[in-house]
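Heads up, the next two complexes both have chain A, just with different partners, chain B and then chain C.
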Partner chain A sequence: MLVPLTFRPHHTIIERFDPRARWIFSFLMMTAIVYYWDIRFLLFFFFISFTQYFLAHLTWKETRRGWTFIIILISMMVLINTIITSAGTIGAVTQGGHDVFIWNATVPWVGWNIHFGLTAERLWFGFTQIVRLLAITSMFLVLPFTMDPRLYGSTFSGMGLPARLAYSFDLAFRFIPTLARDFNVTMDAQKARGYEMDKVKGGLFSQVKKVAPLIIPVTMNAILSGEDIADAMDLRCFDTGKRTWIIKLTYRWYDYALMIFSGCVLISTLIINHGLNLGNFWMPDWFLGLFHNIK
Partner chain B sequence: MKNPVPLVVRNLSFRYQRRSEYALRNVSFEVHPGRVILIAGSSGCGKTTLMRCINGLIPHTYHGEMEGVIKLFGKSTENMGMAELSCNVGTLLQDPERQIVSSYVQTEVAFALENQSLPREKILPRIDETLSRIGILHLRDRETFSLSGGEKQKVALAGILIARPRILLLDEPLASLDPVSAREALQLFRRLADEGFSVLIVEHRVDDVLAINPEEVLYMDRGHLLYCGDVRGLMKVVDYRSIKLPAEIVFKRARKDPIIQFKPILPRASRKQLLTFKNVNFRYGENTPQVLHDINLSVYPGDIIAILGPNGAGKTTLVKHTLGLLKPTSGQVLLGESDTQKCSVAQAAHIVGYVFQSPSQMLFADSVRQELSFGPRNLGMRPAEIVKNVEWAIKTVSLEEELETPPLALSFGQQKRISIAAVLAMRSRILMMDEPTAGQDYWNYTAFMDAILQMPGYEAVLFITHDIDLAIIYANRVLLVSDGRVIADGKPEKVLAEDDMLARSRVLPSSLLRLNQKYFHATGRYYRAETLAHRIYNDNN
Partner chain C sequence: MAKKESKKSLWKFGTREVVFAAIGAALYGVFAWATNVLQIPAAANVSIRPGVVIPMFFGVAFGPIVGFITGFLGNLLSDWFSGYGFWPWWDLGNGLMGLFPGLVANQMTTFRAAKDIILAEVMALVGIVVGMGVAAISEMWVSGMNFITAIAANFIPAFISNAINGLILLPIIMVAYSAIVKRSGR
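Right after this comes the complex of A and B.
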């Protein structure tokens, strides 16, 4: 049985834009965002990104899984790369700063000294990082929920990708949900043999080994299906030459406006960043004032 | 000038790369327009290889050593590319789900012409024309996931017909269809042949295909074409145990052969309830339609129950409740005295062993021994007990010599047996099987079912099937399921005698059913055709 896709038409203004214009807009905006570590600029992108999200009229129920994944990902990145270590920070934040918390300890028996120091700059950097990542992820999260799956191939082909690669997007959207369904069937089949996922414990290696009853059958099935699908496509002349797409995409004035706007934002960003040397890490003075007795 | 013959195959032999044996040996035949040709034979006879040679997958995708000639409309296929081949030959694969590559019907049907780079303006009317031709224009804007099994197959067929091939290759087109959908599909294939197509059907269900009067039959065995001619001639040359022939033919021919010994090993019937459904209703979510309606039934020791009904009737949903994989929205499912709401699936697995349709959905271990140990270990059995049960289970399915083999390296039939053994080793009391004979040829599936039901260890067996003959031969009780309701429950002789009920659950009477009904006054119960022949002819002499 084939399984449904995530897309349901919402008939919003967002869905009226040509998908090529929306992908170009999203890529240009993302490129612009990565130039900034200054929250004053990032808030502009954050506002645009969430305006798009709310205009799309998406419900929490629809996007819950996506948001859960994003929140976990961002939390891990900020917690590990910025707060616990400073591996993910940039020069000005890594070197020095104003300590807001210091913790020293000695490991008994071996005598190792542990030093952990958290600076106000790292805290603010973490906050900035959250805003930056939310602006990027929410920009792209909207796309699969507001784009008709029929349009992926023609969209990417229209953006200059080879037909073979462009069609792989169509195929992914067609088969990823089927893969999820196969996973559930295997899960049920193994549960029927007394397998309990929540009892999978132990170290990483042992956990990977214990999910083998799920992963191996799903993978094997995917390989077998893949062979049939490839045959079915070969038998209908896929990739034997030039390809047409029956879905015709047409740019309208507002699509041009959207692409020009995002192009202007990127050009402005390049000027601001390279010409005016603005947009680097910035922390407001009032944030420092929140911590008393800081050094 | 005389029109060239659509397909000529001369002295065709093929051996796959890295294989020592030939998959095809000196196969020769011709196919004329307006004909249905049935290609029959047991698994491994070379049917699929022959189709691949005709449609170009051999040598374009699958490589090996090929000899002989294939001509399409007088032109050798040797130098034809896939584009030219697919304009002449359309192939419908066994599972339409694996053939459908697009999320929507319209783009699915357009796929071949898009790949041939036809202008959009020419493709759009061709889509409508093709969909109309097979009567599914109303499906044009539907998403492919929402289609029924029969509809999916018609859409897959439309995706082929749009390229206007004159030869159609259909690889087991009835495999995933319920009986009524299968009959509709066959009628469609007949109509296409009558319109001038050459239709080649590879099918295990020979009995069903004969209903559309194929003009010719090719019978293959181990790569050789043993017979090529009309249906009447086939009946004389073919072994009725290797492919499924009409029951009347088997009935006439089997009486001189030794009687098949079949005696299920199950406990004597009693009124102790092993499993009980009490007013069970079920829906997947708050705003979704109800799937099960007011199910009331009990399973007793000695029951061999066949569950029949169309795709989407709720059969699998019903069976999943027995194991607690799904819990009723209202009502109760009791395993003995225990409510499945209050026990885990692992606990329920002590009582119910559930074999899923495809063995590849569950096999994963490095060796058969580890595969069979998996269930008992999850159920917390002691190591000595696990060893004992594994040895008993593998012996029961007669695959002792494969204990150290990786299960995924075995043949499909062997994998199926291993999946049963994996459940047997858990020592459950009830065995449930979802489409146990799917994908197996007639000889393999009767051997398989005979073996399963003659295994010791179970108190009751339930199986879901589309094959009414399986219910006739093996079940002592039949459940007819339709629209989430059990509309009939009783002995096969009683339930299958009611044509109205069968029609409601999209079950078609088979030649075996009609034969049994004809002699019911003399036998008092239903039998397989071979046994019936002995009962009627030999017992009377």
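Right after this comes the complex of A and C.
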């Protein structure tokens, strides 16, 4: 088993930006997006997100798994939250509205009445929800594919995280290949003893218990070697002085521009939302016209 | 005085904690990635993730900060390897799943005593409720879900899966660790 590192240099304009500037950009954009339920504003973020995605030159093969996950997740959210259940987060969508489909039925023998009503508002809300979630997910989907894992430590340290914490993040990425190899060796050794992980047989409890012969040796081995690593680091006076990083990150003018842009977008969002009271749920009139016999 | 010292060491983040937080995160990332194939029958998009025991155990053994980083960073790594992108509110939820069991790290004696195991199991359960609750409720803010849907579609499947995995595997791993501690004398 090999753990696939998702990063591969694409030499695109996106990768030229400082990772710190990109994290700040992504977080500020996400914070701004969650203030909106008005599709006119959300389309602006959708455009930015997908511009970033296309500028990253990612292939379908690279991101297929991520997109499948995102599409399943969004479909379930919209289907359960908006189409099937009648309640929603936004009061304007759930109260009243224009019915486009009504279904009434009675359960035989018990006589229970089932009422299902779908409104135009809820349909539009579902559409808005898709745009909003796609804007957020595509914003972050790009990150693992376009950020060099060797820069994580200096990135988080440069963003103000304490050096020990940043080093811990950096170290975790470095342990992955070793632990993946240990995992592989242990699995082979257990398989030689008749262990079958891939055979999904038996109940939930037996499936969980089946993983113990794999998890325990790998974890205990890792803990034992961890003690030695900690001792070695202490002997080398780890963190007794100010920590430096092999690769030094430097902001360039376009990094500042990106961060200023993100900051301006968030400030504008706060003004639009709290000051002007805009950005709440909105549905165009033409959408209502699409349905005949609206009540 | 003794109480004050014990409280201080619970939140200590020295060299040992730096290393074990990194090891825990890497382990959780690898295990969660490797067991993505084990799906819960009849439940949509929820996998059996035995690796959830790693943040709980690292919390119990090395303290709340190590537990939190193990869960937070491990979930982030697993999502990245799977190509799922970045889901900060679920990373936070996984971090909390490791933090809460870590709150009793100072009360562990042998790691195999009934008292130790019960305490760890109770705190792991609290961690799952709080962690998955925070992650599921965050979906109301991010995805516009209503409370009932967030609970039914996100919290309950995640809680059941994590509780079963955590409660079965945590005592096993604690007993194994007690043998290591006894043997190595650390």
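The working rule: the second predicted complex is superposed on the first by the 206 of 295 C-alpha atoms of A that agree within 3 Å, B and C clash if a C-alpha of one lies under 4 Å from a C-alpha of the other, contacts with A are read in each partner's own complex, and residues count from 1 in each chain.
As a working rule, a residue touches a chain if its C-beta (ideal position, glycine included) is under 8 Å from a C-beta of that chain, and two chains touch if they have at least 3 such contacts.
Computed from a predicted model, the values in this text were never measured in an experiment.
Scan A:Glu196 for contacts with chain B and chain C and give back first, second, both or neither.
first
Identify which of chain B and chain C touches the larger number of residues of chain A.
C
Would you check which partner chain A:Ile229 touches, where first means chain B only, second means chain C only, and both and neither mean what they say?
A:Ile229 sits against chain B and chain C alike.
Return first, second, both or neither, reflecting whether A:Val185 touches chain B, chain C, both chains, or no partner chain.
The first partner, chain B, only.
Who does A:Leu143 touch here: chain B (first), chain C (second), both, or neither?
Only chain C is touched by A:Leu143; chain B is not.
Examine A:Gly241 and indicate which partner it touches, taking first as chain B and second as chain C; both and neither are also allowed.
Touch partner of A:Gly241: chain B, not chain C.
With both complexes superposed on chain A, which partner does A:Phe45 reach: first (chain B), second (chain C), both or neither?
After superposing on A, A:Phe45 lies clear of both chain B and chain C.
Which residues of chain A are in contact with chain B in one complex and with chain C in the other?
Chain A residues touching both partners: 1, 3-5, 170-171, 173-174, 212, 215-216, 220, 224, 229-230, 233-234, 238-239.
Looking at the complex, which residues from chain B come into contact with chain A?
Result: residues 55-57, 60-61, 81-83, 86, 90-91, 93, 95, 97-104, 106-107, 110-120, 123-124, 127, 143-147, 152, 159-160, 163, 320, 323, 325, 344-346, 349, 352-354, 356, 358, 360-364, 374-375, 378-379, 408, 422-423, 426 of chain B touch chain A.
Can you name the residues of chain C that touch chain A in the complex?
Contact set of chain C toward chain A: 13-23, 25-27, 29-31, 33-35, 37-38, 40, 44-45, 48, 50-51, 53-54, 57, 61, 69, 73-74, 77, 80-88, 139-146, 148-149, 152-153, 164-165, 168-169, 172-173, 176-177, 180, 184, 186.
Please give the residue numbers of chain A that touch chain B in the complex, ascending.
Those in contact with chain B are residues 1-5, 149-150, 170-171, 173-174, 177-178, 182, 185-186, 188-196, 212-213, 215-217, 220-221, 224-225, 228-248.
Touching chain C in the complex: which residues of chain A?
1, 3-6, 26, 30, 34, 37, 62-66, 69-70, 72-73, 76-77, 80-81, 85, 87-90, 125, 129, 132-133, 136-137, 140-145, 164-165, 167-176, 179-180, 183, 198, 200, 204-205, 207-209, 211-212, 215-216, 218-220, 222-224, 226-227, 229-230, 233-234, 238-239
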